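Structures incoming, each one as structure tokens.
Paired with chain B in one complex and with chain C in the other, chain A is shared by the two complexes that follow.
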Partner chain A sequence: MSQQQSTPVPITDLTKFTIPTLPGVTTAPPKANGFWSSNPVFSYLNDVYITISEHRKSLGLTNPGTIENLNKEVSRDVFLNQYFFTGLRADLNKAFSMSPVFQTSHTLSIGSNVLPPYAFSALYATDDYFIQGNIDNELSFSGRINYGWNKYNISKVTLQLAHGQPSMVQLEQDYQASDFSINLKTLNPSLLSGGFSGVAVASLLQSLTPKFAVGLEAMFSKQPGPVPPETLVSYVARYNAGNWIASAQIQAQGALVASFWRKVSDKVEAGVETQIAASLKPVNDPLLGTPIGFETAVEGQTTIGAKYEYRSAVFRGQLDSNGKVGAFLEKRILPTVSILFSGEIDQFKQSSRLGLGLQFEAAGNEQLMLMQQGLIDANGNPVPGAPQL
Partner chain B sequence: MSGRFAAPEPKEESTFEQIKKAPIFAVAVNATLFGLGVLFIQSPLMDMLMVDSFEMVKWDELN
Partner chain C sequence: MSDSPINKYQFTLSDESKERIAKVLDYSKVIAHYGFIPFVLYLGWSSSSNKPSLFNLLSPFPSA
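Showing the complex of A and B:
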């Protein structure tokens, strides 16, 4: 008998046994020691998470943007909403530096229902920070601070202190992942009245395909005192086909917003938007004139518009179903001077509104001045085709 | 005189006014306008309204 055969294998050392396996089935490779990987429950959950994550990556999804910017291309870029003004105005903007960005602006206005007679605003921005403040002649102040923790997380604080009006503070957190966006915000939050009071809004926008995204927005509102809270949920969808974007939003308070945008060329964009809103209107007794009940009223408005970008001018025009025709023109007449013109005619009410403005750009140093005049680029290099210095 | 006045007869609304007052009317009109707007923007008519870059430069020079 040989010595090798006489050496018994200890029965406690199970690793030395070869266990026959089924054909085509292999045992899982050993994992690194650790509670999260060796624990069978967490190991299973980890595997599920990795499988889902890899499947999501294989779909080629992209970040769908935020619900706040759902129809930005139409309502902010093409339409006049952000730009229209009435009366006379003059803006004096001065840029002190470009890195970090620091600029100030003085705005003077006459004959406007919205713009104050005088407003001063300042802006400071770095790669992480964005700080903006605005104060007018009635000492109404509004300010905003944005801070980017990383490329996915942005915290925002907005403050408004208006003369004769309640102050407003808004805290906001944006999280933009590879294929979804989450936004949490709260308006005038308070825990001093025996629980939460204020407005809290949470929204999620998730890409389902590289072009299609759906989302929802939930709002919780509670006033101080024995007032029951109010909750609302809105649903959104967005389809981005590259050169055209369609979006729809069903708001909980009974409103539907649908928009369509198309980039016709590099310099021309067009958009259409429909808003349909249902509301309760009081019904009065025809003889006594006292309210006797409510009836549902549905109102709608459809607007179509286009934006043309010229080399030194931008033109926006729009037409809506309530008979309003509007136009806005921004024309650069000198490298540092622009004229603004806005006009609107209400065909049904036979009324019109006009606005005319001047915008001056000043530079805090020579390099910025040369940049404003289009002679050098941001790196200080001469722009091709520009006159030699 | 009896001192009584007959209540004014409420005017009968025409069929068109009744349709116009119905909530579905505003929905239908705006949905139709939206559809027509999309068709217009996607149609070759919108491409014809596009100013090509040469004319844009020319327009700039004229102004």
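Showing the complex of A and C:
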């Protein structure tokens, strides 16, 4: 392609030509009293639309985030759920380029029930695209493509393929407007078995005041075959007051999740989450042992946790009402090496779990290597105070 | 089955075309399974400044 002499502008693309704008030559703007705005129905509708949008603007609402991230600050940032691992692991990350971001990663692990012994992943991200692929030693593959059409619309595709297991594909569309968010997603959609089968989820989160947002999520799932479809609706609310955030969810299965997050100081965040789930439990006859009916059982769990951020280390600790105490420590011992420690003690069951990991950052070229060692900054200029090259 | 009122608005496919679609889906699954990571590596390789060799791309050790 590069051999070809390419014309700078295709002749058909007239918009690329700069046409001098002379007075009286430019096309006239649409008239204010044209047909579409002068007829009584449309002018009334236009007025209503303008009044509503001006009123909405005057409320000063902001985008409330997405339902997926409703209690992100507590369950993903402060709590250990995302970080906890057991056994030994080593992550070897190698960066090749910073803009666009391109890096590969090798993960080795022993003694874990969740992590595969070896996994390779590659990541490529530009301003619009985010593409990531991951494959492990059993050739289980997961891939993800996110594409941002503009700053309001993001499309996401997630794929999971493994030998001998049903494959999974998820299509997702995110629309984040000035004061509400809509998310549509579908899991394994198929039209082949007579109508729609799969899972479809639609959610809406709407800001009511600059700090308060409410929303709901509706799920529809249909298995192929003559099975009746299932629908579930959940309701959520979130209050974001800057340095504290409270959120609540009422899930369709009869569960209530409430969480509270607070920025205690610059470096310290704390969070608490309570889950109450009501379920139907079969009751057995005390003598015969045969089921005689159902009773509602209410189960609850509360977790409290904190996150401390130091200059080269992050510490997370949590305690829950089932007697589990957990801690996760991530410490950077060299600019390119960090160690991870995670531990959990179950006081009621008298058991414990432990994880130890190492993370190495390598570079694919010299400039990135100097950057990782803190000698130059992202623009290639020497960092003040760093040893001379 | 197709004359029942519920199925009136469902689009029906012949078994042959259903089989064909299933086959195409199977092939595209295999392509995604084994082609996705090489594709990401190619995208990254073509955008990086120093065009690392395949060995450098796959080895976890620093290559500068």
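What we mean here is this: the second predicted complex is superposed on the first by the 339 of 389 C-alpha atoms of A that agree within 3 Å, B and C clash if a C-alpha of one lies under 4 Å from a C-alpha of the other, contacts with A are read in each partner's own complex, and residues count from 1 in each chain.
What we mean here is this: a contact is a pair of C-beta atoms (placed from the backbone, for glycine too) under 8 Å apart; a residue touches a chain by one contact, two chains touch by 3 or more.
What you are looking at is a predicted structure, and each value in this text was computed from that prediction instead of being measured.
Trainee: Between chain B and chain C, whom does A:159 touch in the aligned arrangement: first, second, both, or neither?
Mentor: Touch status of A:159: second partner only.
Trainee: In the superposed arrangement, does A:300 touch chain B (first), chain C (second), both or neither?
Mentor: Only chain B; A:300 stays clear of chain C.
Trainee: Who does A:122 touch here: chain B (first), chain C (second), both, or neither?
Mentor: In the superposition, A:122 contacts chain C only.
Trainee: For A:313, decide between first (touching chain B), second (touching chain C), both and neither.
Mentor: In the superposition, A:313 contacts chain B only.
Trainee: Does the superposition put A:364 against chain B (first), chain C (second), both, or neither?
Mentor: The answer is second: A:364 touches chain C but not chain B.
Trainee: Check whether A:262 is in contact with chain B, with chain C, with both or with neither, and answer first, second, both or neither.
Mentor: Once the two structures are laid over each other on A, A:262 reaches chain B alone.
Trainee: According to the stated criteria, A:328 is in contact with first (chain B), second (chain C), both, or neither; which is it?
Mentor: Neither chain B nor chain C is touched by A:328.
Trainee: Residue by residue on chain A, keep only those touching chain B in one complex and chain C in the other, then list them.
Mentor: Common interface on chain A, chain B vs chain C: nothing in common.
Trainee: In their complex, what parts of chain C are in touch with chain A?
Mentor: Contacts found on chain C: 7, 10-13, 18, 21-22, 29, 32-33, 36-37, 39-41, 43-45, 47-50, 52, 56-64.
Trainee: Can you name the residues of chain A that touch chain B in the complex?
Mentor: 244, 246, 258, 260, 262, 264-268, 270-276, 278, 286-287, 296-302, 304, 306, 308, 310-313, 321, 331
Trainee: Which part of chain A faces chain C closely enough to touch in the complex?
Mentor: Residues in contact with chain C: 92, 94, 96-97, 100, 102-104, 106, 120, 122-124, 126, 131-133, 135, 139, 141, 143, 159, 161, 167, 191-192, 194-195, 360, 362-366, 368-369.
Trainee: Would you pull the chain B residues touching chain A in the complex into a rising list?
Mentor: Within the complex, chain B touches chain A at residues 7, 10, 23-27, 29-31, 33-34, 37-38, 40-42, 46-47, 49-53, 56-57, 59-60, 63.
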